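When the chains are written out, they are named A, B and C in that same order, and each has its own residue count from 1.
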Amino acid sequence: MTIVFYLIAAITIAGALAAMLLKSTVHCALALTIAFAGLAVQFLELDAQFAGFAQILVYIGAVAILVVFAILLTRGSEAPKGGVFSKSWPAGLAIAAMVFAVLGWAVLSSTSVLPNETAKPTVSVLEIGNALMGRYVLPLEIIAVLLTSALIGAVIVAKHEKGSAK
Amino acid sequence: MIKNADQIFVLLQHWVMSFFPHALQSLVGVLLSVVSIICVFPALFAISVLLERKGLGRMQNRLGPNRVGPLGILQPVADGLKSLTKEDIVPTSADAVVHFLAPVFLVVIVFMGYAVLPMGRNMTLVNLDAGLLFFFAMGASTELSVFMAGWSSRNKYSLLGAMRAVAQMISYEIPMLLASLVVVMMTGSMNLGRIVDVQNQYTWGLPHWYIFTPWGFAAFLLYATATTAESNRSPFDLPEGESELVAGYFTEYSGFKFALFFLGEYVGMLSVSGLGATLFLGGWSAPLAILNWVPSWIWFFGKVMLSICVFIWLRGTLPRLRQDQLMNFAWKFVLPLSLLNLIVAGLWRFMGEGLTRWVVCSAILLVAYVVMARVGMRKERFGPRSYRYAE
Amino acid sequence: MIGHVTALQGYLLLAAVLFAIGLAGALTRRNAILVLIGIELMLNAANLNLIAFWRYGPHPEALTGMMFAIFSIAVAAAEAAVGLGLVIHIYRFTQTTDLGQMNRMKG
């Protein structure tokens, strides 16, 4: 495994840790952006260029901004009273540690012959387009319906209702 | 000889690379290209700033700057010296880390967009297969730095300006993507080099540029509108209008950081002009087949500077749009028209060669424009004035 | 146990670490938006898993893993939008995003 992998993995994990540990919500959102960027570079390392650029475009260009807007609209930038972690935080931490232990054990003790390190897949956007319109056309249409319904739903949920209690 | 003039930068690069051992050659080649991009585009930025101030001045019936150097040509040098030596003030309650990182982030991301632009024959830094997607991914990331700048200043006006700017940028991102998507659809590739190659053909001496087709013309106009809004330029510059919000999201920046924001904005403008030239105006190809002897990079930079002049012209001519008018315009006019444009482009492809498709497609687009612009955006009837106070 | 770690195992471990961090954050933070951030991290970790298996799997030219990851990105974006809309709506009623204070069924 190359030095690039270790470097980007370190940055990603640092960003994710900062996103979950910092006090200020906006700083958490910005650290999340660093984690997203690190993951996009990992996708590029794995020769999945379309997925990497789509990750930057969608996550950093849209989801991060959405999160930041929501933080600002709900006054999340003020200091919270009563601490930032819930009262049962040891339980949450223990559960996460156990999940990681199980996953890590499953990964490290597997004896599969899977790794295909020599053949580098060259995927062109043309092939992705053909696949989307050919083999994966049903998921594509379902995603379109899903996104439309999510759009309408989010607008309805978040808009001001006329005459309701503010 | 003509070919040498056309490829002069490529030949220079190969000549410098030949001095280095074989293992280092590709690294040196890439470094040379990167350094030349970082030198050329800020130089173009200086020229654009000067052009803008003189041009706006003439449009407003006054001379622009004319003290520094003959006809004010050295004004950008004076501006640069001023911003380098000005004191860098950071407000006490500002978030120091984010405040520092915002202009850095902006400038880095904006320069990344140049990696995929074909600036001449064989003159693309990285000929990515998904080049257009990469460019738009970089464009989408700049919005976050605008927000960072506005939020970290702990200033109500900055935050308001930043929110407005981000809302405007997200709204106009979709029409920009859809307008470019038409070009991808008709070319069959997201590779910018391939898009230019397809437009580099000539029929009766006239080029196959996409702007000369009905859907391409509509897409170009929509793209121009969307990128004017994306760069926060007039008439969409409410977030940074001087008379509205002090200076918007970069109120609290002074000295070099302000210069970096300014640089980032203009370099961003240059890069979207470059992309517009690549997608619609044929990139580095000449307008007439007989003019092919002029080097390709001259055509590219000429088209970019022409777009900058059009930006400056728009700034001097049109009044500023209000925020709700701007958002209305994006979601209710530009977006439906760009979707319609996609359909019309598909119709164009399936109608086969001939005059019919020109007439039909132009007719559909014109009718849609007239219906939506004249009828759909008519002013609302004004009732009695109602007040809504802040709670 | 840790003999030679292949590249695939490296990526899977990275994904597991990110998943665990996201899970820990989603379970322990009080702000509703930070819980959503944790969920986004978990989805991203799953995406990394998918792409790693696509790359090192037997048939990368079938594009299954990359398609799955792209659809997952789209679904995650939609879910983030709806989730944040809900958080904003709840904020309007309770004037807080603190999950520790949302312990009543009434209202």
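The criterion applied here is as follows: a residue touches a chain if its C-beta (ideal position, glycine included) is under 8 Å from a C-beta of that chain, and two chains touch if they have at least 3 such contacts.
Computed from a predicted structure; not experimentally measured.
Chemist: With contacts counted as C-beta pairs, which pair of chains has the highest total?
Modeler: A-C
Chemist: Measuring between Cα centroids, which chain is at the maximum distance from chain C?
Modeler: Looking at centroid distances, B is the chain farthest away.
Chemist: Using mean CA coordinates as chain centres, what's the chain A-chain C distance in Å?
Modeler: Between these chains, centre-to-centre, one finds 5 Å.
Chemist: Mind checking the centre-to-centre distance between chain A and chain B? Centres are C-alpha means, answer in whole Å.
Modeler: Those two chain centres are 29 Å apart.
Chemist: Using mean CA coordinates as chain centres, what's the gap between chain B and chain C in Å?
Modeler: Each chain reduced to its C-alpha mean, chain B and chain C end up 34 Å apart.
Chemist: Where in chain C do residues touch two or more of the other chains?
Modeler: Residues of chain C never touch two or more of the other chains.
Chemist: Could you say which residues in chain B touch two or more other chains, in rising order?
Modeler: Not one residue of chain B touches more than one other chain, so the list is empty.
Chemist: Could you pull out the residues of chain A that touch at least 2 other chains?
Modeler: Residue numbers touching two or more other chains: 50, 54, 62, 69, 166.
Chemist: Using the touch definition from the top, list the residues of chain B that touch chain A in their complex.
Modeler: Per the touch definition, chain B meets chain A at residues 98, 128-130, 133-134, 136-141, 143-144, 147-148, 151, 159, 163, 166, 170, 173, 188-191, 391.
Chemist: Which residues of chain A touch chain B once you look at their complex with the stated criterion?
Modeler: 26-27, 30, 33, 49-50, 53-54, 56-57, 60-62, 64-65, 68-69, 72, 77, 124-126, 166
Chemist: What part of chain C is in contact with chain A in the complex they form?
Modeler: Residues 1-2, 5-14, 16-25, 27-31, 33-34, 36-38, 40-41, 44, 47-48, 51-58, 60-61, 63, 66-67, 69-71, 73-82, 84-89, 91-93, 97-100.
Chemist: Spell out the residues on chain A that touch chain C in their complex, using ranges where they run on.
Modeler: 1, 5, 9, 12-13, 16-17, 19-21, 25, 28-29, 32, 35-36, 39, 42-43, 46-48, 50-51, 54-55, 58-59, 62-63, 66-67, 69-71, 73-74, 76, 80, 82-89, 91-93, 95-97, 99-100, 103-104, 107-110, 114-117, 119, 121, 123, 127-128, 131-132, 136, 139, 143, 146-147, 150-151, 153-155, 157-158, 165-166
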